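Structure incoming, see below.
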Amino acid sequence: MSSREQILKKIKGSLRKTQTVHTSDEQRNQAVLARINQHPRGIIPARTSLSRQDLLYHFCEKVKASEASCKIVESYEKAGIEIQKFLRQHNLPQLVRIGTDQRLNKLGWENEPPQLLIGPSDGQDLVCVSHAQYGVSETGTLVMTSGPENPTTLNFLPETHIILLNKKNLQESYEDSWAALRQRYGKEKLPRTVNMITGPSRSADIEQTLILGAHGPLRLHVIVIDGK
Amino acid sequence: MSKIDKKGPSSKVALFVTCLVDLFRPTVGFASIKLLEDAGCQVHVPVRQTCCGQPAWNSGSRKDTRDIAKQVITIFEKYEYVVAPSGSCAGMLKVHYQELFRDIPEWDSRAERFASKVFELTSFLTEVLGVTNVKAKLNSRVTYHDSCAGLRELNISDQPRKLLKSVDGLSLHEMNDSEACCGFGGTFAVKYSEISNFIVTEKTENIERTEPDLLLAGDLGCLLNIAGKLKYQGSKIEVRHVAEVLANMCEGKPIAGRD
Amino acid sequence: MKVSSSNFKSNARQALDDKQLQSALNHVRNNFISKRSKARLDLPEFDALRDNARAIKDHTLEHLDFYLEHYERKVVESGGKVHWAADAVEARGIIMDICRKTNAKTVTKGKSMISEEISLNEFLAANSIIPVETDLGEYIIQLRGENPSHIIAPAVHLNIDQVRDEFRKAHTHLSPNRPMNEPETLLGEAREILRGKFLTAELGITGANFLVAETGSSLIVTNEGNGDLTQILPRVHVVLASIDKIVPTLEDLAQITRVLARSATGQEITVYSTLSTGPRRKEDEDGPEEYHVVLLDNGRSSMLGTEFSEMLRCIRCGACMNHCPVYQAVGGHAYGWVYPGPMGAVLTPSLIGVDKAGHLPNASTFCGRCEAVCPMRIPLPKMMRSWREREFEQHLVPPAHRKNLALWAWLAKHRRLYRLTTGLAARILAIRGGLSKRINKLPMAEGWTKHRILPAPEGATFMKLYRRRLRKGR
């Protein structure tokens, strides 16, 4: 017998010992399929039962609470200007790693646009810009999905990470993001990587002192495009 | 006329003295009787009682525990209420006895019925009898340690504090981490004495920092442990069971004496 | 990993005398408790979420076989591979096999307690493969040749001086006179060195906080981002997880993660929560080309259906040890194996045998704080007591203790002799206490009187005084 069969058999045996009300294997299997099919929601914190605008403010507050910075702009044109301003403020070169996300083509630049490097990061980049799939207001979390549009390496290798979020994609809860992901990728499917990011990387492993900038980015700047 | 403000009816109450009170601190037993009688209860002390069985239960001896539990249930189940001046023993009677007889339906249901009658003293006074005010007087700066079993098995936390606040002249000052264990743990204090010592030292440090005249708690196990450490360290802080203060029975020497 | 749980007492004594350790443990004592408490207060639904998390896990365990099969199907559909391992030997063999096929020389690792459980690092090293722990705490203790002392803060037993010394010793390519006073500098140094490892490793091994049956995904949470670099940069990603990590759906995952970080570090959510599903897709330009899951049983299937079944709800947040007075006193290494604190006191005897780990469920005051803070509402004290019962049944309790207990229980059942004994004891002890009411030394109770005095009884027992009072008619 393979280990797989052995383990499954042992589980079944152990479970049979306890079942006070006898449930057949078929019934248990149906219960599993039903739960996966229906994926019932549990308790959603009431804190994000807010108007669209307040949901955005709540999101920004939570982003800031996670040690990231947050800026709301009116358009993708203005988002580009904000990126350049942010780079200058932090003495960073106007040299930015990005993926192929079409939405990034709409970014507007100042007279002198930054130099754009396209594709995944090899660890040499200082700054990158990526576009979030969703934002979750509950905790100021950004939901990033893998693909050439926004390669996953961008989320972790560069020291400074700038994430754009369209207010249209702002969700109340994680559960809302799951619903949107199912719509986009199909039932019971996900892209290779879904990163839920809340703030820049950190460690408290030395004497429980919190230090920002562990293996991932040291600095996270979130720009929300609130198109009127 | 009763000396205590109360709303409850006259109730027939059996006192579960607890073995530590019996052996070390009879005053706590008499203070409990006084508090219950002042609140209009008819108090009985069944003479056949010994111990609740916790030492056996915590040592893994189910058979001995069952024998003792059966004895306790048989002696006490005829009373309307069973009250103990200890969260730990009341928790044993109320919570743990119910875990003992899952495979013996007759005793399981008796244990369950019995559980509904059992109360820790301060919780019985406040929640069952509706006592809000005791007629006691003590000019003292007091801090209160929450004993673990009472706190986490029976939710004893506000009850003693409410009653203490009605004591004339008494001021209650909370210590840091009053809900942390004192390190007693029954035989733990002897079997793992170094660890127990570490834990009780943290406790006495927190007590000392509050600068009280008097430390109170609702369980004699914790009180013997904490008083033992305080006096070992040469502390002037006195130690008593909360019932002694509520019953206005502080004329005798405190636990481990007075300096 | 060598088991020293049977030396718990001497381990504990050493720990209590260790000044470095005691100063490091102050961080546990102060930090975690207040942070969790604040996080709980900030979310009114917290306790309701705990109830729900518990219900989800109970349901999952009752249907574990079918959830595992569904999970496996989804992993395969997404292009990954699932390997089932009955025990540590088999799991190590599977991983070695993957390493060979990958031609791996350096393996980066995300923090994984299962990896500790199967002693993976020692095994890889013995097979000429270099395992590199990438979590900062894990990296530090790997340099020191130690095991984690806490399940989420592996280096919590160390002070900054010790880390500094270790880095000076290990990072010899750097100037010995470099300034290393700030924790930031030390972190920067580790980041620099580990970045190189991330970029060159052929294979990355991570644990999993959860496995999602619905999508065949593994979820790992890290604050450092090391778990992510471990899995997206090497060509092969291996997930090492035990069978109890399954949750049914993404919705269920969200419920449980809401209580995970809050209970652990007091954060609302860990910085990176990453769902990984299969290897990189055709169009992807980064991510691993192969995705393997090693599903480990190692005794867990036999816990199902026993009084220890509820332990399988554990999500490894560490709240029980953070709030445990015994853990706070002695730290994690004293427990002598992989899992310390209350969860370890229950799990360790299940996994390595109560004969080797009997001290652990006994070294508890039963204060109940662990159960009170457990996000999954695991009745830890009750299960420690169940272990004590098993020990008692198997005659693993020291004979002297057994005899004393038998004598006491006999007395408790014989009221008259009980009264006689207590009456005598009260009198003798009261006399010994004298005017001071204190007993400074008592044979048979040295453990007590070594550190405290014993308050003397008042004199007569309550029962005696009460009878006297009744006779006098009050």
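A few comments on the model shown:
Here the chain labels run A, B and C in written order, and each chain numbers its own residues starting at 1.
To be clear about the criterion, a contact is a pair of C-beta atoms (placed from the backbone, for glycine too) under 8 Å apart; a residue touches a chain by one contact, two chains touch by 3 or more.
The structure presented is a predicted model; accordingly, all values stated were derived computationally and were not measured.
Averaging C-alpha coordinates per chain and comparing to subunit A, the farthest chain turns out to be B.
Of all chain pairs, the one linked by the most C-beta contacts is A-C. Taking the mean of each chain's C-alpha atoms, the chain closest to the overall C-alpha centroid is C.
Distance between chain centres (mean CA atoms), subunit B to subunit C: 33 Å. Subunit A and subunit C have centres, each the mean of its CA atoms, that are 29 Å apart. One simple way to say how far apart two chains are is to compare their mean CA positions; for subunit A and subunit B this gives 52 Å. By the touch criterion stated above, subunit C contacts subunit B in their complex at residues 9, 12-13, 16, 325-326, 329-330, 362-369, 371-372, 382, 385, 387-393, 397, 401, 405-406, 408-409, 411-413, 415, 418, 422, 425-426, 433, 435-438, 445-448, 450-458, 460-463, 465-467. Subunit C meets subunit A in the complex at residues 24, 27-28, 31, 43-45, 48-49, 52, 56, 59, 62-70, 74, 78, 84-86, 90, 134-137, 140, 153-156, 158-160, 163, 183-184, 186-188, 191, 194-195, 198-199, 213-215, 217, 223-226, 228-229, 232-233, 243, 248-252, 254-255, 257-258, 265, 268-281, 283-287, 295, 297, 301-306, 309. Against subunit C, the residues of subunit A that register as touching in their complex are 2-4, 6-8, 10-12, 14-18, 28-29, 31-33, 35-36, 39-43, 45-47, 62, 66, 119-123, 139, 141, 146-148, 151-153, 155-157, 173-175, 178, 181, 188-209, 211, 213-217. Within the complex formed with subunit C, the residues of subunit B that make contact are 17, 19, 21-27, 29-30, 45, 47-48, 50-51, 53, 55-62, 64, 67-68, 71, 99, 148-149, 152-153, 179-181, 183-200, 202, 224-225, 227-229, 231-232, 239, 252-253, 255-257.
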